[in-house]
Each structure stands twice: as structure tokens, then as C-alpha cells.
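Shared chain: chain A. Partners: chain B in the first complex, chain C in the second.
Here is the complex of A and B:
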């Protein structure tokens, strides 16, 4: 790799360049954009989980005080498939005027039968989300090797049935846009992970030339995969702006975030894993079903339409049987969510692997080192076990004395990372200041800081000479921020542009090395025309395939069922570290999100009303500061591998490691995530008979697995291909 | 949201007059504004009661502590003497929501807050608490609901202060028309025990003025709870034990459970089982048994029983000091 060996900025701890602006409130997020004459937009959403809508009358709403535009989402009759589906939108002079006018929209609808629970929806007599189509779609059974024979010949076979909840993205900044249409130009201020993707999407749906659409996103408060395009709300915002002839701001409310902007599909998994006497994995079987939302049964093509996930995850026994189903329910649709598929896959696989280790009497770390095909992860397990004190801490399951039992668990992650296709532009002014322009955006990962660090390093300058401009589709193109690809896509482009700057500057100034001490003198030769130079991503500076492992230590109060995570150790492969602080910050965030998945987060649907009962943060429980464990991070700094993104792999194994630690503490597995006190107590047999609890009922899951196993292959909806591939 | 008028009352008498025409008292607004925004309440007038004289003080007298209705939860939680004399009450106040909420929420508003049931709080669900015909929590998602109730509604009383004040045997002074009346905590909530629509016993025009908590020499108390998260979360179950220790024995002891019934849950026999005994785990277990005797562990609520048992043990043994 051509990256410098001795560095001043690369791999060091650089605080975010926009940190001061963010903590003082000067940073402008989408909701801070206030254009003169801007109108407020809001959406009318269906209050039925299923209905046939015959007509929507906007006239009364249109005449309400302050209302300037009223539009329909669908012309004519249409079907409602979940409570929260968009029906119409209004724009008006104040937020309250618009909210009040929403109540004046008349919707004539015939409510229909619906189903919101996965294990009900798989039943043959369940209401169909799409009339005439089975709710359950199955993937082709994938079989390799002689599965039955391999299980029969195994030294030990372990089984596990687990479930994972629907997790909501709930980014701190809700989804939203401000759109202005001025003549033939459309400008959008969007909270987005992809300014170019948004530009193209606005152009297409609004029928504008791409050259006349500009999307900017100076700062944004997270997206986690749910902000790759403008969404229905963005399109409605643009249409309202067009209809009203005035700019419109449309930001979703917190409750809307819980209904209609994506989620991580649920899963129910029945797994079987076998090994020979040496502990080498020989056979694997999984039946799974989950819901990605209402569209699972539809032939929707592409997108995150399925609830399938990589299986077997990470490990590669020779004989495998995999059958996965997706079931449609009357609820909001999933979309990409930080490491799509992987945390789900990891929870089941790492659980059954631990059960197998117990049966074989093999240490959980050893069985992983023995079976993991990834060399770096094997190294990470060894390093991590040492640092964590695994040998001293690991006890037989349930062996810790009570009432607060401690336990430890471990799990691994695979992620493709990678990233390419970014261009950048550098302008050097005669006074020696530098502007770097690149059409990426900062999802919250610190992209702006990464750009500055690379430029400062390559040009040999103090960071404050370098102004970074990102988040604008008028800048040189870069991809969307997803797949943990941004840093690996952007850094090489900056590197390349810097090389070109230095070459040009050498020519102009006649100085052999215009960097560092010579910089001012070299730039002074530029005269009145600043130097503008381009660069683009090139091979050989970044790579993909990030492995990581995590160790967790928990205390479980067996009287009250409360789980407290004491410590998480992350050993993360991340190639060349560009900025240690933002890299570690990503990992902290990933661990916290995984902790939420393990212990707190779950969208709760009500079977009889079809409503999401906890769309807001009062009852959709995100981890807070008081819930955080000590997070210890070991970065495997391997500059020779080039830049690798870590945003997703770092969230994959957290929940699995925690769930394994809880099983280790208790000596029984709490099968359903999140591991809430009621479920822990139920697993311990402390809940009175007759109380069914919130855990998945074995007879219901058995029915679902039987349905997946028995049903013929049907229309298969491939899940988001790009994001789901892994090494 | 319907249009409403806003008025700041200067006397308790005028406050109860002003509220009569479809009005609501407004204190910190943490609960009420949420209800208005979610379409659950449509008051014609908001009567701001925060300016009422003498309602923002905590006065420590010889045999009682008097806490004005508009004292904020943060003030109560941090009050040096309250912490010393009434530790359970200060702890209960400190455990409410987040610091922002404690800075704004008041004692009166906390006691008079409405149901947090996630069916009740849904705009488009008309449940029995809103005058509908059924309780959706029955047979539904009810893990946050009651183990005990005498009516159709399963929504529990979730006020942290109510459970503490119940065990501390406090009284609430209420403006009722031109008079003031004094209610025990049990009286403040008894209507919610039998009437599904009631959140507490107060009529719409009855105003809490202050709370009076008796203190005796050697009084001890403890508040313990468990929530799913460590901060900013509702208690799944909470428990307060209060009493004196004389010669190693419990005297005047009361144990109350929160979030298990539409009222703070006390059982006379449970208190009696502890009277004159040592604050040991065994004695606590006997009291817990009596407290939970009539519990109905329906569907998803059964897990609250082992939690309540554990909390009673922790609260009672904490009285040993």
C-alpha cells in the first residue's frame, strides 16, 4: 500500500472537525433550514391495518385556514396494508394548521381482516396481506453434502430455537426534507445517506433533468440504512412544494419513525449443529421465518424484501440444509439496517454453537478458533481471550453462585466492507488555504474529519488550512454512505487528488517538494487563479472483508431477571486506521446498538388493533448512558491492508455475545431477544403457571417451522443482495 | 388540537372556579401536554396553577413534612432534609423519568397523572378508560399492566410518588369547592380501583394543594424498583417499606407496591405480619405472600410476582439500616 509509514495525522486521534458546531447548535441539520416563506408539510396516515379505500376527499382540508396545498398519495381506489401507510399530505403556513387540517380529510374506507403477528400470519387460514397470495414465501431449500448421514455420524448434535425482534432504526434525527422548486430547478435539503441517490430519485419521480436537481445535506443525525433515498415523505414534500409554489419542509414525527421508515426483519430460527469428536463442525440445519413487513408476499423485486439472512453464518460445515421463509404481515416494511441480516444470523448461529461446545465439553473460544475459516478472526479470538481474561472468567454454564450470577460470552462478525467509485476536487488558493470538495455525506461517522485527515497528511499541512465541503450533489460524485464503505471509498480519492495537487504544484512552483515548509512559497506562485485538481478512487489503497470478534461479561439478577452488561471487549480488524477517534466512536455506537438489540429494543404490535404500541421512545427502549457497559476496543491496526470500514461489523456480534453470556450465567438459554426481565424469569421457571408471557410459544413456532419446511418453493423475494453478501 | 384559552390562577379558589368549564389544571405539563397533542384531551381552558402562593415550598415541621403541590420532582429529590427524613420519597422522586422531566414535573402533577397504558395512549383506540366497552390489555399486550384490579381496566397506577406516600402514610390536602379536605393516599386513588374511567379519585375541579407526610423519631424508609432500562424508564414494579426500628423490631411498618394495581398496593395483613418483627428476609417473604395473595398473573403479567417478592425483601431488609 502506498500510504505513508510515518504519519502525522493518519491513525492518530483527531476530534471531529464539526464537533464544536454540533455541540453549540451552530450545525445546521435539515430541520434547522428555514427558507423565507417556507410551508410546513404533514402526512395523513391510515388508521387501519388493512382496508379498501374507495375515496379520499381533500376539499374540506384544502379550505382550512392556512392550507396551501393538498395532495393524494394514490389516485382512485387502493388498498391499505398497514396502519401508518401514507394516504395524503398537506402543506400550510404553520405546523399546527396542517395537523388540524389533517383531521378534515375524509377517507371512505372498508376495513378488512388483517394479521400482524408472524406466527399467526404463517397459518393457512390467516388473512392474506395481498389477496390471493400466500403470506409465506419460502426460499429454495439449499442443501450441500449428505446432511442426514452427517448428523447421524456426529459425535455431538446441539439444537437451539431462538427468535429476534423487529428492531427500529430510530435515528436521533427523524426523516425529512425541505424542498424548493424555483422555475425549472429543484433544490432539496435532505436528511440522507446519499445526496446523489436522492438527487436521482427526485429527478426521476418529479420528472426533472438530473442537471436541474440539487440535494444537500450538511449535517445529519443518523440513518442506519433507512435514509438511502427520499422516501415517500420526500416525494410528498416535493409534490407539495410544486403544488403550493412555495418551499415546503416536511419532517416526520418520532411516532412516524416507528411506523413507516423501515426496520430490521424479525426471525424465528430452529437450528441444529453437529461436530465430530475433535470439535470440527460437520453438519448444520436451519429452518427460519421472519417478517420484513407487508411486502414480503409481494413480487416487489430487490430492496430488503425478505427476512432471510446468511446461513450458516461464518462457519462452513460440509453438510448443510437451509430453508428460510419470509412472511407478510400488516405492518411497515423493513429496509436496509446496519449490517442487514448479520446480527439476526449471528444470534442463532452463535447460540447453537455454544450449545454444541457445552455438549462437547469444549471451551467456546476454542471451538471458534477451531472452526472459523477466517484467519484474522482466529487471531482476534486469541488476542481477545488474553485481554479479556477469558480463561479466568469462563465457568461452566450456571456455575456462578447467585443470586446475581455472572457469565461470559463470545461471538464473531464478518462483513464485506469495501467501497469504491468516489471522485474529489481540491482547490488550492494562493494564500495556501485548501478546499476539498467531495459529494459524500457524513452519516455521523465522521466523514468530514476523515477527508481532512487524509488531505492534511498527504499535503503535509496543519488541519486548519483545509476546509472540507461535503454533502452536496454539485460536488464530485461519491456513493451513498452504506455497507461500511464510505471511508474506504473516499480516502483513496482524496489521496489521489492530493498526489495530483502535488504534481501540479511542483510544476507551477518549480519546487521539488511543495509540501510542509515549502507549501506557502509554492502556493504564492499560483497568482490569481487557484489551482483546481481532481482525483478519484483507485485500486490498492483500500480493501474489504472485515472480521471482528466481541467478548461480553454480564451479571444477571436471578431474583428479578435483570441483565446488566458489565463489559464488552471488541477486537476489530479495520486495516489502516484513518482516524482512531472516529473509528472507535463507530465501534462504541455499534456495540450500543447491539446492546439495545440484545436487551431492550422491540417493536410491539397489537394483534387486535393492528397498531404499533410503542412507536415512540417512551416505550421503544433505546439504551441510554446508564445502560452502557465498559467498552474496550482493540483495533488490529494493519496498514498494509489499506482502508477498511467498520461501521457495520462492529454491531453484528454484540447481541450474540451478550445472549451467550446470559446463557452461560444462568445455565439455561433465554431464547427470545430482547432478554427482558419477564423472559429471563420465565426461562428460570419462576413465572407462575398459566401466565403465557411474551416469549414465543413453542407450539406456535413449531407450526411456523413446519409450514416453512412443508410448503413448496414459491415466488422468492431475494433480500438486498449487495448488503447481504459477505465473506 | 382544539383551541383553548390559558389562564394563570392566583388563588386556589379561583383555580377551581376557572377549571369548571371543561378546563384542566396545568402544572409542569409533562403529562397533560402529551395528552392534548395526542388528541386524548380537548380542554377548553388550561388553568395554570403554578403561581398559587405557598405551593412551591417544602416545610419541615416537628412531626411532619409539608410539600407544596408545585414543588418539582428535582427539588424534592435533592432536598437535604427530605432525603434524611423521607429517604423513600426522595428516592422515588429521583427515579422519575429523566432529569429534564424531574426539573419540570411537579408533585401534584405526578400524583394526578393519567394512565400510561399504551392502549389508552393510542389516539385511535377507544378503550374502556376512554368510555369504550373493552380493555384491550386484557388478552392483549399486557406485560406492563396490573396484577390486581376490581374493574375492567388493567392500567396500573405508575406514579412513583403515590407508592412512596402510601407507605409513608401521607395525607393530601385538596381544594374542594370553597373548602379544603384532607385525603389519605388510599382515598386519593380508591375510585380507580372500582371505576375503569378513573385515574384517581379527584373530580376535574379538585385541586391538590399540598402533601403532608408524618415523621416520627427513628422513622426509616426505602424505595426499590426495577425497570427494563437503568434510567429514564417506568418501573415494572416498585416497592416502598417504611417504619421505625425499636430494639431491632419493626414498628408502624407499611409496605406498598407500585405498578401492580390501579392504586398503590397495600394489604393490612402484610403490614401486620411485619409488626413487631425483625426486618429479615424470612419475615419479608411472609409479608410478600400476603401482599400477593390475590394476584391474578394473567397472560404476560405473571413475572411481576417474583419481582414483587424480591423487591419486598429488599425494601424490608433495607430498613435494618
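Here is the complex of A and C:
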């Protein structure tokens, strides 16, 4: 790798460059943009989970005080497929005026039969989300080797049935935009993970040339996969601005965040895993079904539309049978969510692997080291086990004494990372200051700081000489921030641009090495024309394939059912670390989000009304400061591998490790995530296995797995690169 | 502390007085707390009083003048009485540091100080905040100089996307004024009403500890390639 070995900035602890702006309130997020004469936009949403809408009358709303534009989402009659679907939008002079006028929109609709629960929706007589089309899509099937023979010949076979919930993104800044149309130019201030993707989407849907659309995102309050496109709300915002002839700001409410901007698909998984007497995995089988919402949705990494996931995850037994289905329900649509597919895949695989280890009498860490095909992860298991004190802490399942039982668990993560395609521009001024421009965006991952660190390192300058300008589609192009690819896509482009700067400066100044102490003198030779140089991503500076393992220690109160995570140890590789400080923050965040997935987070649908019962944060429980375990992080420094992103792998194994630790503590598995007290007590036989404990009741899930098995087979499509593949 | 709009400090307009000199609030309060008083007043008097109280339209629904003291500066706005303090600060005063994230007192991104006490600005009406000293995130750094806490938040990376940061800084500023050397448990308790979806809590706690001159600690272990190559 051509990265320098001795560094001043690279791989150190660098406070983020936009930190001061963010802690003083100076940082302008999309929601903070105020334009002269800007109107407030809001959306009318369907109050039925399923309905046939015959007409929508906007006239009274249009005439209400302060209302400047009223538009329909659909012309003519249309179908409502979930409670929260967009029907119309208004723009007016104040939030209050718009809220008043929303109540004046008249919708004539015939409510229809609906279904919101996966296990109901798979039934043959369930209401169809799309009339005439089965809710359960064809099952993607993959079979390798002689599965039946391999199971028959195995020394041990373990089975597990688990479920994972719908997880909501809930970024702190809601989705939203401000759009201004001035003549033939459209400018959008978007809370987005991709300024170029938004630009192209606005151009296409508003019928503007791409050259006349500009999207900016100076600061944005989190996305986690849900902000790659303008969304329906962005397009409505643009159409309102066009209709009103004035700029419109449309930020969603928190409740809308829980209904309509995406989520992580649910899963029910029935798994079977076999090994030989040495503990080598020989056979694997899975039937799974989950819901990505009302339509099939984007592929999550497995082969079958929206609710599939990689299987078998990480491990490669010779004989495998995989069949995965997605079932439509009358609820909001899934989209990418931090490490799409992987946490879901991990929960099932790591569960059945632990069950197998117990059957074989093999230590859970040993069986992973024995079977994991990834060398770095094998090393991480060994390093982590020592640091964690695994040998001293691990006891047979349920062996912990007393009413509050402790347990430990372990799990691994795979993530492709990678990233390419970014271009950057550097302007060097005669006073020695530097501006780096690149059309990436900072989701809170610290990418703005990454740009500054790399430039300061390569040019041999103090960081404060370098101004970083990002988040604008007028800057040199960079891809969307997803797949943990931003750092690996951006850093090489800055590196390349810096090399080009130094070559040019050398020519202009005649100085052999214009860096460091020579910098001022070299720049002074530039005169009145600043030097402008481009650079682009190139091979050999960044790579993909991040591994990681996590160990969890929990205490479970067997009287109250409460789970307390005491400690999580993360062992993670991410190649050349650009900034230790922000890297550590990302890993902390991944663990805490995984903790929420394990213990608290689930979108709850009401079967009777078809509504989301907990779209807002008082009922959708996010982890808070009181829930924190001790988080210990070991970073494997491997500069020879180049730059690798870390944002997603660090959230993949947390929930699995916690679920395994709880199973280890109790001696019985709590099969449904999140591991809420009622489910813990149900697993212990202290309360009945209720409707929430679905994976705990074979009678509840049998029909669904049978339906997936019987569904016509669709071709399995291996995901090809991008953020959904893995090693 | 929750301010009572009937306090003497509150300007007229936030409270309406009945002709008898009995305010609507105290009149109704006396009804609620003392059945004896109500009985003594006689049913007719009560119904008259009630009719009078109900006939009064205290303020609104149209815009009324509202005077707020924000970061030491007095400003008067014309606001509908239903406008929240957060909407007034962000929309009228141009102070967009406090964020709207949940709009119902669950996430803390809108936190401001009211006479030094953290409140959720999204769940308080602007007219209720009259007469109080309101401090927003914009009022914490003096002459562009970051407070010790703000500096620690930056140095210890107590933030990621930064959307919760203004609220976090406000509650921790209030904590450190009351308790200059908080324990880790006390810091966690102080931010229990503030959510951070990026999961920056460990570093926020570290920042609060560092700002109070205590060890922030770090759990990061960096293993060089040489070391793990032989592991």
C-alpha cells in the first residue's frame, strides 16, 4: 500500500472538523434551512390499512387561510395498501395553517379487508394486499450437495426456530427537504445519504435536466439506510414548490417516520445444522419467511426479494438447502437498513450453531474457529476470547446459580465494504490555504473529517489549513453513503488529488518537495490564479472484506424477565484506520443499535385496526444512556490492507451474541427478538407463550414454513457486489 | 421548576383577570379545592362566576404579542397562543440550534434552559415561557469561545450526526452547574431523557467527565498488525 508508514494525522485520534459547529447549534441541518418566503409543507396520509379511494377533494383545503398549494398524490381512483400511505399534500404560510387545512381534505373511500401479521398473511384465505396476487412470493431456492444424506450421516443435528422483528430506522432528524424552483433551476436541501442520487431522482420525476438540479446536504441527522432517495415526501415537496411558486420545506413528523420511510424486514426462520464428530459443519437447511411491507421491496442480500437474507451466513457446509419467501402485508415498505440482511441472518445462524455446539459438547468459540472460512475472524475469536476471559466465564447453559443468572455469548460478522468511484478537486490558494471539494456527504460517520485528515497527511499541513466542502451535487461526484463504502471510496480520491497537487506545485515553484516547511513559499509562486487539481479513486489504497466478532455478557432476572447486558467486547478489523476517534464512535453506535434490536426495538402492528401501534419514540423503544453495557473495543490495525469501512459490520453480531448469552444464562432459548421480559418468562414456562412469542409456538409457525416449502421455486440470485454481498 | 403563568412576573396577556379582581385561575382553583367555599358562595354566584370565566377569551386564537427573554435579549413576537416555545425559537427567533425530532417530549433534542432548568421546548407553549430567562444552545459559547463541556464534546467525540448534540449540551450544562463533579451514573441519569440514535452515549459520558476534570477513560485497544500476526 502506498500509504505513508510514519504518519502525523492518519490513524490518530482526530476530533471531527464539524464538531464545534454541531455542539454550538451553528451547524445548519436540512431541517434548519430557512429561505425567505418559505412555505410549510405537510402530507395527508391514509387512515385505512386497505381501501379503494374513489375521490379526493382538495377544494376546501385549497381555500383555507394561508394555503398556497394543494396537490394529489394520485389522479383518479386508487388503492390504499397501508395506513400511512400518502394521499395529498399541502403547502401554506405556517405549520398551524397547514395542520388546520389537512382536516378539510375530503376523501371518499371504501375500506377493504386487510392483513398486517406475517403468519396470517401467508394463509390461503388471507386478504390479498394486491388483489389477484398471492401475498407469499415465490420462494427463492438454493440446494447444494446431498442434503438428506449429509444430515443422516451427521454426528449431531441441531434445530432452531427464531424470529426477528421489524426494526425502524428512527434517525434523529426526520426525513425531509426544502425545495426551491427558480425559473428552470431546481435546488433541493435534502437530508440524504446521496446528493447525486437525489439529484437524479428529482430531475427524472420533475422532468428537469440533471444540469439544472442541485442537491445539497451540509449536515444531516442520520439515515442508517433510509435516506438514499428523496422519497415520496421529497417529490411532493418539489411538486408543492412548483405549484405554489415559492420554496417549500417539508419535514416529516416522528409518527410519519414510524409509518412510511422504510424499516428492516422481519423474519421467521426454521434452521437445521449438522456436524461430524470433529465438529466440522456438514449440512444446513433453512426455511424462512418475513415481510418487507406491502410490496416486494429491494433485495436484502438473499435471493428472494425484500425479506430474504444471506444463508447460510458465514459458514459453508457442503450440503445446504435454502428456501426463503417474502410475504406482503398492509404495512409500510422496507428499505436498506444498516447491514441489510446481515443481522437477520446472524440471529438464526448463530443460534443454531450454539445449539449444535451444546449437543456436541464443544465450546462455542472453538466450533466457530474450527468452521469459519475467514482467517481474520478466526484470529479475532482467539484474541477476543482471551481478552474477554471466555474460558473462565463460559458455563454450561443454565448452570449459573441464583435467580439472576449470568451468561455469555459470541457471534461473528461479515461485510464486503469496499467502495470506489469518487472524484475530488483541490484548490490551493496563494496564501497557502487549501479547499478540498468532493460530492460525498457526512451522515455522522465523520467523512468530512476523513477528507481533512487524508489531505493534511498527504500535503504535510496543519489541519486548519484545509477547508473541506462536501454535500453538494455541484462538487466532483461521489457515490451514496451506504454499504460502509464512503471512507474506502473517498480516501483514495483525496490521496490521488494530493499527489497531483504536489506534482503541479513542484512544477510551478521549482521546489523539490513543496510539502511542510516549503508549502508557503511554493504557494506564493501561484500568484493570482489558484491551483486547481482533480483526483480520482484508484486501486490499491482501499479494499473490502471486514470481519468482526463480538462477545456479550448478560444478567437475566428469572423472576422479572429483564435482561441486562453487562459487557460487549468487539474485535474488529477495518484495515488502515483513518481516524481512531470516529472509528470507535461508529463501533459504539453499531453495538448500541444491535442492543436495541436484541432487547427493545420492534414495530408492533395492531391486527384489529391495521395500524402501527408504536410509530413514535415513547412507544418504540430506542436504547438510552441507562441501557448501556460496558463496551470494549479491540481494533486490529492492518494498514497493509488499505482503507476499509466499518459502519455496518459492527452492528451485525451484537444481537446474536446477546441472544446466545441469554440462552446460555437460562439453559433455554428465547426464540423471538426482541428479548422482552414477557418472552423471557414464557421461555422459562412462568407465563403462557402468548401471541407475541410466535417462534416459541410451532403451531403458530408451522403453516408459514409449510407454505414457503410448498411455494413455487424461484431462481436464487446471488447478490453481486455492492453493499449486500459479503465474505 | 414549572413556572405558573399566574406568577407576578408574567406580563398581562398570559392571564386574564375577572372584573371582581378574582382571576379565572384562582377562581376555578378555589372551586376545585374547597367545596365549602363553593357552597358558601351560593349556587347562583357560582354559575355567574363560571359564565363570566367561560365568556372570557384569555388569548387567541389569533396572534398575540409574546415577549421572550432569550439568551439575555428581550424579543417580542406576534404568535398564535398554540405556538410552542420550540416553534417560536426556531421559526421566529431564528435560533435553529434546538432541534425538532419527536415533538412530544421523548427525545430531548429540543432541550433549552428555563431559569437554568432543562425543559423540552417542543412541549411548552411560547406564551408559557414569558417572564423566564430562556437559554438556548446559541447562548452557551461566549464570544465564540466554546464552554469546557462543548470543548470536551468535540475532543472526546461526544457526537456523530450531531442532531441530538444541542440537547445533550444543554442538559449537561445544567448538570455541571449544579454538580461540578458528577459520577458516571449521575451523567447517565442526566441524559436519560435525551436520545441519540447514533449511539454516542459512551463518548458523551466521557465528555461530561472530562469537562469536570475527571478521567474520561477509553475502552479502545489498538492492536498493531505485528502483535495480532503472532497471536
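Here is the rule we go by: the second predicted complex is superposed on the first by the 697 of 727 C-alpha atoms of A that agree within 3 Å, B and C clash if a C-alpha of one lies under 4 Å from a C-alpha of the other, contacts with A are read in each partner's own complex, and residues count from 1 in each chain.
Assume a residue touches a chain if its C-beta (ideal position, glycine included) is under 8 Å from a C-beta of that chain, and two chains touch if they have at least 3 such contacts.
Bear in mind that the values here come from a model prediction, so they are computed numbers and not experimental data.
Undergrad: Which partner does A:96 reach: the first (chain B), the second (chain C), both, or neither?
TA: both
Undergrad: Could you look at A:387 and tell me whether it touches chain B, chain C, both or neither (first, second, both, neither)?
TA: In the superposed model, A:387 contacts chain C only, not chain B.
Undergrad: After lining up the shared chain so the two structures overlap, which partner does A:504 touch, if you call chain B first and chain C second: first, second, both or neither?
TA: Neither: A:504 stays clear of chain B and chain C.
Undergrad: Go through the superposed model and pick first if A:600 touches only chain B, second if only chain C, both, or neither.
TA: It touches chain B, and chain C stays clear.
Undergrad: Between chain B (first) and chain C (second), which, if any, makes contact with A:624: first, second, both or neither?
TA: After superposition on chain A, A:624 lies in contact with both partners, chain B and chain C.
Undergrad: Considering only touches as defined above, state whether A:562 meets chain B (first), chain C (second), both or neither.
TA: first
Undergrad: In this superposition, which partner touches a larger number of chain A residues, chain B or chain C?
TA: Counted on chain A, the partner with more touching residues turns out to be C.
Undergrad: May I ask you to decide whether A:29 touches chain B, chain C, both, or neither, giving the answer as first, second, both or neither?
TA: second
Undergrad: Quick check on the output: what are the common chain A residues between the chain B footprint and the chain C footprint?
TA: In the superposed arrangement, which is not itself an observed complex, chain A uses residues 96, 618, 623-626 for both chain B and chain C.
Undergrad: Show me the residue ranges of chain B that touch chain A in the complex, using the header's touch definition.
TA: Touching chain A from chain B are residues 1, 116, 118-119, 122, 124-125, 136, 139-141, 143, 226, 228-233, 236, 297-303, 305-307, 309-311, 313.
Undergrad: Show me the residue ranges of chain A that touch chain C in the complex, using the header's touch definition.
TA: Within the complex, chain A touches chain C at residues 15-16, 18-29, 31-32, 34, 95-96, 170-174, 219-222, 224, 251, 253-254, 379, 382-383, 387, 443-446, 577, 580-582, 584-586, 588-593, 616-618, 622-626, 628, 630-640.
Undergrad: Can you tell me which positions in chain A touch chain B when the two form their complex?
TA: Interface residues on the chain A side: 47, 96, 99-100, 557, 559-562, 564, 599-600, 604, 606-609, 611, 613-614, 618-619, 621, 623-627, 676-678, 681-682, 686-688, 690-694.
Undergrad: List the residues on chain C that touch chain A in their complex, please.
TA: Answer in residue numbers: 80, 82-83, 87, 90-91, 94-104, 106-107, 109, 136-138, 140-141, 146, 150, 153-155, 157-166, 169, 187-189, 191-192, 194-205, 218-225, 228, 231.
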